[in-house]
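Take a look at these structures.
The two complexes that follow have chain A in common; it is paired with chain B in the first and with chain C in the second.
And then the complex of A and B:
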């Protein structure tokens, strides 16, 4: 199914809604037919950062983003097989925030959610409430010929975990992105061992999709666009012919290729992060491959947030980024790497992509 | 005798001001002065950093959530025509816009020490960037 035909169906369904051309969807379509030529779709929603102000009062702007995404996933046609949630449902890991997030997400009709935990969900109680109410931290599943692995990639050094006077302080420290007292994300050896065992039974030709919160490579340590032991995880994935990593955390359009692994960031429903290159005091390694999304307009509250749409044609990913308040972007796998279908050629790039 | 005394006293004062004491010039300063002034500035930057990472409005949203390390604020481009305001605006106008809108708070007076601290923090985080007023 093409994006165009999908959108046409979608637009037909919601034609009565105002501003329908701006409505985002986050649909990931897998067209993979090694054994069964069955194609299927899944949607993702990520980084909603629902924030409790007090009592039952939550930050409206962030609630609006998640509600909008949920509404639009419900309009998907065909209905996605499942929905991935990419982490950071809560802002400060509070039960009230997680409960509120579950309540909004319960608006999704007739689809299972595959949950990925983010650091904002974890560092108050180390994932305790999440595991009680939401999901395991790491697990895998097979779906129509594709092996999916969910990792908890936001762990960190024990010494850092133990240095804070309270759980609230620890959560607050990890919640600050530009924290000089922060600590890098890690998958850690026990989970890497688990991954190794999980993948043992999987054939090299099976497409593998890894879902994590942090990018499983290294972009910018001061903001934790970074996984400390990423290379160890990548090493476990290298033997497969086709591997896609979908991650959250960075709140921006971002893609990269390392060896056989294609990396794509999920968009946030809450707010956009600037690209690390906009902070000129420290070096960053934003993938040269990525053509930035347009600089966000703060006057349009939903600008720079939104959704993505991927198909894994022949097991490689083509990602259609549907961006709220912006034209959609298609990043397609070409030859050996993902490339923007319209803007990869520097001569074709537009000022809003450069004016950071 | 009194005359003599006065002359002597005048000479003493003259000597103490122009000879014994080192000459004082308004535009001279020492390394110690520089350190002191830099420390004063940095203390205001530190205050700005604290404010920038706090909640200045009513909805538990901090400036740093969209602008880690003050990034994507472009202090070097102000004043500039802000198309959304249809006028040439200053960085302080935009700081207040963010406090009032995304953070849902009350604007600061333009000469409020908090405003100056935030401005100091943003410009410090963007130090070294060449001035480019008017650039969108």
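And then the complex of A and C:
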């Protein structure tokens, strides 16, 4: 009771602060170095998991999450230069789900989308329909002096892809957590070769932003919060002064610093995942800096979900999380690593829920 | 008839007056009234506040006092969908009751003021409420009055020249902190141990209120007291249809107006579209679009009609509205969803709300 009321009081105070100090939107604002006149913003929406029930019937709750994000992007002022979609638009990779997702996303008013594919979009037809209707799997683009690279980070071993009796079974297997028959995500060597070539022409001082679905480091293998060949990708990015990786998949507020690379997870519009326990099979990369999200209120279906907002000041990211029905949070690059601007101090943290 | 009204007024006023000063007579079911350090209560200050609260001279045409829209005989409301100020001009919002307003952590439907003191100064200058050009008008009336200068001297130790609008605000707020009411059948049932205080139907209604109806998630009932609000802001969809089709333009226009220093208080009460922006008008946070403060539901039988725009006349209508999941809109609170209550549950819920009326407000 005391814990709860303290939290309420605290949330109230923070809410008041956040209300005046933050633009509560998931947008990415980039400002860097000498060419800071090229300041720009982009929004990021991710992990909507639109789920077909049958025919034109879809799970309302997940639809509402994506619709809400689209509405809020449309409210942004000034408008973002583009929107990144971080993957897992669909739940079981169905054409109907992807079509439905494109329809909802078409509600975005006058703004382009840069698409990243997630495993829920991929494992039914190995990305065929996505490539026909949505986007290439990996590509790069330059925007106002920043080099963006989109990777398809959710590939896996060929033997695993081929071992299932049907595409539906394969998709179902990849959609499970704690699946002993699962298989880790990979970028795979051909794509890493492509990345190497793509980066050849880029100067070390150019800020690089990598967009992937899975985190390009290793957090927790049983849930595939994991990219098996992450170290190889990180090695290609080491020579750059400023590298930011934005990823989806984990449905939680998460950030980390590995060498020169800052990692930020984006929120899901569908549901939050809990934080995994420490995984000790290999050296743990569970980010020590991460402060857990505020405990979600089960009354509000959208609590624990949302989208974010980043400004890249001098090529480093300051990330503002717009959390629906929960106070906004900011994770800012401070000194040499991202830190939560409000909750990093353990004394200010809200204790996680330990009972049900 | 007039005598009856007068008698009722006496009962009403003496009721809350006494309660506020007897520390040992804390109304059953209410927590202690939060009293700001900068504005301690005293009987003299409260009496002065009451006098100011009822003074119609503080309006452009001499017809409007605080009690015009927050009338003690009408549960400290006006029983109108939206209030009428000077020249019978209509505003955009339903007058919230003063009863137990002392427990809110922000004032007005959109929480645009943090406390009763700052709240009390705004309506005086609003063109459709008291319609004054400036607070100096009020101060002049007070200085020229036969009794006010002595009262201000006694309460605040100020000379007539030293009286400011802030003294007026302190006194009115002090008075309003005495307008508290508990002791309802619900309080006697839950906090007083009297299991016969509520009807069987109301007892079942309390269960619906806490469980299937999902009401108590926002209209809070705590173990030792209940103020029936979470002091937060929610979008139920009430009135949002008025702006939904043009919401992007309306929001953009409002942002520009606010950045140019437009007065929010005036804007939301005179502009029907701006009014529906709700909490957004204060924070400019799009998450707050169409969100309004959770009202207490104590004494709800005497404070209708309901919702920020007074659009719902009966408690049955209110229950039906929540039961259908509010009114769908792109920024509806995710906790608001269809409830699938049975007819019996709906009836019980209404009976429960009827058990929230304090004895001094039973009509």
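The criterion applied here is as follows: the second predicted complex is superposed on the first by the 315 of 356 C-alpha atoms of A that agree within 3 Å, B and C clash if a C-alpha of one lies under 4 Å from a C-alpha of the other, contacts with A are read in each partner's own complex, and residues count from 1 in each chain.
One rule holds for everything that comes next: a residue touches a chain if its C-beta (ideal position, glycine included) is under 8 Å from a C-beta of that chain, and two chains touch if they have at least 3 such contacts.
Only a predicted model underlies this, so the values are computations on that prediction, with no experimental measurement involved.
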Which of chain B and chain C A:167 touches, first, second, both or neither: neither
Touching partner for A:299 - first (chain B), second (chain C), both, neither: both
Touched partner set for A:271, first chain B, second chain C, both or neither: first
Which of chain B and chain C A:235 touches, first, second, both or neither: neither
Chain B versus chain C as contact partner of A:350, first or second or both or neither: neither
Which of chain B and chain C A:74 touches, first, second, both or neither: second
Chain A residues contacted in one complex by chain B, in the other by chain C: 297, 299, 301
Complex contact set, residues of chain B against chain A: 53, 58-61, 64-72, 84, 97-98, 101-102, 125-129, 135-136
List of chain A residues in touch with chain B within their complex: 51-53, 59-61, 91, 176-178, 222-223, 271-274, 276, 278-281, 295-299, 301, 355-356
Complex contacts: residues of chain A adjacent to chain C: 1, 8, 12, 18-20, 22-25, 64, 67-68, 71-72, 74-75, 77, 109, 297, 299-303, 322, 324-325
Sites on chain C touched by chain A in the complex: 105, 214, 217, 223, 230-232, 248, 251-252, 255, 282-283, 285-289, 330-331, 333-335, 337
